[in-house]
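Labels run A, B and C following the written order; every chain starts at residue 1.
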């Protein structure tokens, strides 16, 4: 799929400024940027949640996973109901356990409510719900941003596994370069509403072409030794 | 005027999505709820039984007992036809409540429709409806009610209609706010993307999540309607004879108040009790909708431990056996010991719920009630914290919190907030304090410090504000700076600058820094020494430069392994830690990490390992590593 | 992060932008006020025409001779086409001509001019009393019950204010008259003559609002006490008085002022019942009389005046808040 000249404006403020981005089939495109860079607005525009100008071609079904797993599940619906939303009634009984299995959750969780789950489990449920929409593209907006590190690893593994097993295309958004590098095939760097650099993950990290990318890389904290 | 809502009412809107229906029991037991419930129940019984029992007595005309005051036969006196006033008050309950119910229904139905309208109308029309509702909400109910009553004619019908109209805008506003907050929720966005039709989103997501607060609001509206109708009847604008409600009885009674005040007592008490009952109950219901009960119980804190060993004369901060506990058996920090020497940067690292922030709060004396803090020793700069004056503590200890947007008072100028430390604790004159504030702002490399000192916090960026907070800590002569996740809310490039600033400050002032963070990479980069916390206890202490390959505790190792960095092998899965950290109330007798640890043995599950020396400047609490 | 409208760009912090934005908001508020005022004028005009049947006949009673009704109808212009009537009405209102009373033949404008000051005095006094008593009370309760300490105080405060809020002002009025005027004879039971006569009406009018504002102040104060900047102020070991007066109080003022404004409008309306009980020669008493006696020109004019006062007070509160609160324009945009 291809994003062509996409622009998002809120009143007089341009959050996303004429962005063109290609997401090849079965690829994970990582999008990094700091707060206010427009990465979340781009995600919401691609998902059709905010009005935009410009074009999005070749992606009929788009689903999104949100940052806060405590806000993205309806507290009044069971896990099964949440995951089964958007699936035809007669297929629900077989699909819900399958989807829960895909995100490595036991099928018994279907009868539980979100408040009974941990943050990591909730985020898996949100991913399962998105997979239920049989997406051609999955938009993941800071999905590990509110998780603890020890839980984050498992969710990132899951994301990579889904790409490998299902051939899922993904727009993976994070402020954390190391996280994006780990899951993405290519990395796009966003700054002030524009994409300043886009290339294969190792190349962007190893031989950054843009000054801003270099500044971002230099700022990533590293363990010494 | 009579539609006064409790101040907690609107807040119900914000919080409702987060609560679960559980644990509402505690609220019902509270006294106001009980009083309200009993009063409302009494009113309901009165409405059903009143006319049946006293109906005849209320209509019995007695020419020999006209306009009497209180007597044994007529406790509240009689009216101008000699009818017993007590009986009439008891009978009037049904009519008063029925009218109030009718008015509430009119108001609720009209208001909810009006409030739901914007979500189905086109944008422009929706904005007009919203604007109208907002304008009407500002109008006092009485004005709307009187207007409607004039138009629809004097009498019960006009009054009910009028009060209904007066209630409607409030309901419309509540519906709008609730619907807007739910419609903006991520789960509604997710449903929209799954192609769930609008109608179904309304039925499955929006209605269930707004129905409860709306229904709960009815109790309060009913009380308001009852008082409103009583007021209208009292003014002679409502119920007309021969019908009578409490307001009308009060109207009759008021005419005689100068001669026989007792005749006003019955209807006045009835109106007051009904109003109080519905209001107290409605208040409780609104609160129940707003949040789940905290369920605080009174518990006895642990005994303070004996001070062990000799104080460390070189330490700027020495903590021995610090425990923070909350009533109900929750102990988020357990027997923690920590030593920080001058000029040292110590990182306190752990995941959410590990107790690291409460440790910082306890050292700063900021643990919120009802938490209780005990310690064997808590020494700052050679003096026991308990014996230090506010002035000594205020200048010797500096604190920096996570969110620089929230750390500065939005109502006060930046410079003034810095200067007050010097004014209050050091007796500096205002001008001197100002000068010092600007100097400190310059010291933390805030550009144009004189200009920013006279600005309000919202005029500064996040990084600038965090610099200002650090400068505030430097107004005194701090021996210790406690920084609780000071860069978590900042972008990485700004984080880098703030970390560098903290290091420079430590080098220049010789103060020690206790740096609390969830990010082991940041801690490893900035700090000299790292203290790892898990479930309220220290599990490992080691020099920061040994983190990468010298960490011994399985938790520390797993934490490092699960953190991707720019050199992580992308072809191999990331390590994670199965399971979750136990809650502070659920930590058992053994090692708290045992359930998630691949090395765990039976001993780990039953006996808690102590922190023991494991190599140079390293201590570990783990049976498998140290035995 | 997700909503860039509330994210303040570092570049837009210049003072002139803030001033311009404040001005723009002010203009928008004044426009909104003008629209509301026009709507109010239409509503007041429509009132007479919405009354079922013939208002003149209703007012004069069934026995009135047909000539009198026709003469009265013509005098009021009710026989003219509606648009013409409206234009005439607006013209009259704008020149201060509110018509004449059916009953007394007085100019309604004169009646309002004589009585409005009495109502305003009552409402302003009650608002002042309410704020002066309630704000310290609410702050005190918040500080005492912060984080759930002093459960007893919390419970007592909640129950007492919850009860006081629920009692309508006419009951306070009646209770005060019965106890302090008729029973003990300390105060005159009715009328307006000298300072003593103000005490009971003002007390009756401010009792409920005191409870309400105290509750709001408590909630606001508790919220402030939980903020990071108050934690930081505590870490600085500021004395309690400075902490509460300098750091907490200013941040609760926005809410208090908003409520104070709303309160003034609701007290102006609430004074109707109090004036009725105390036979206070204000507009409230007049409106009750005019409605029960079907003196429609008076009722229409008084409702119009009440409505206009509400709009003016709301406008003033809005403008003052906009000028006071450095962050209000953010709320305005993101609301």
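Criterion: a residue touches a chain if its C-beta (ideal position, glycine included) is under 8 Å from a C-beta of that chain, and two chains touch if they have at least 3 such contacts.
Because the structure is predicted, anything quoted here is derived from the model rather than measured.
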item: Chain whose average C-alpha position is farthest from chain C's own; value: A
item: Chain closest to the middle, measuring from C-alpha centroids that were averaged per chain; value: B
item: Interface with the most contact pairs, given as the two chains involved; value: B-C
item: Computed distance of Cα centres, chain C from chain B, in Å; value: 29
item: Chain A and chain B, separation of their C-alpha mean positions in angstrom; value: 31
item: Centre-to-centre distance between chain C and chain A (centres being mean Cα positions), rounded to whole Å; value: 50
item: Multi-chain contact sites of chain A, meaning residues that touch two or more partners; value: 35
item: Residues of chain B whose C-beta touches two or more other chains; value: none
item: Chain C partner contacts - residues on chain B that touch it in the complex; value: 1-2, 4, 6-8, 11, 30-32, 35, 131, 135, 138-143, 146-147, 149-154, 223, 227, 230-231, 234-237, 250, 254, 257-258, 261, 264, 268, 271-272, 275-276, 278-280, 283, 294, 296, 364, 366, 368-370, 390-391, 393-394, 397-399, 401-403, 406-412, 417, 420-421, 424-425, 455-456, 458-461, 469, 472
item: Touching residues (chain side chain A, partner chain B) in the complex; value: 34-35, 47-49, 62-64, 66, 68, 70-77, 82, 85-86, 113, 115, 118, 120, 126, 129-130, 132-133, 148-154, 156-157, 160, 175, 177-179, 181-182, 201, 205, 215-225
item: Residues of chain B touching chain A in the complex; value: 17-20, 185-187, 189-196, 204-205, 208-209, 351-352, 491-493, 495-496, 499, 518-522, 524-525, 544-550, 558-566, 568, 570, 573-578, 580-581
item: Residues of chain C that touch chain B when the two form their complex; value: 8, 10, 13, 32, 36, 39, 43, 47, 50-52, 146-149, 155, 158-159, 162-163, 165-171, 174-175, 177-178, 182-183, 189, 208, 212, 215-216, 218-219, 227-239, 242, 246-247, 250-251, 262, 265-270, 272-273, 276-277, 287-288, 291-292, 296, 299, 303, 306-307, 310-311, 314, 326-327, 330
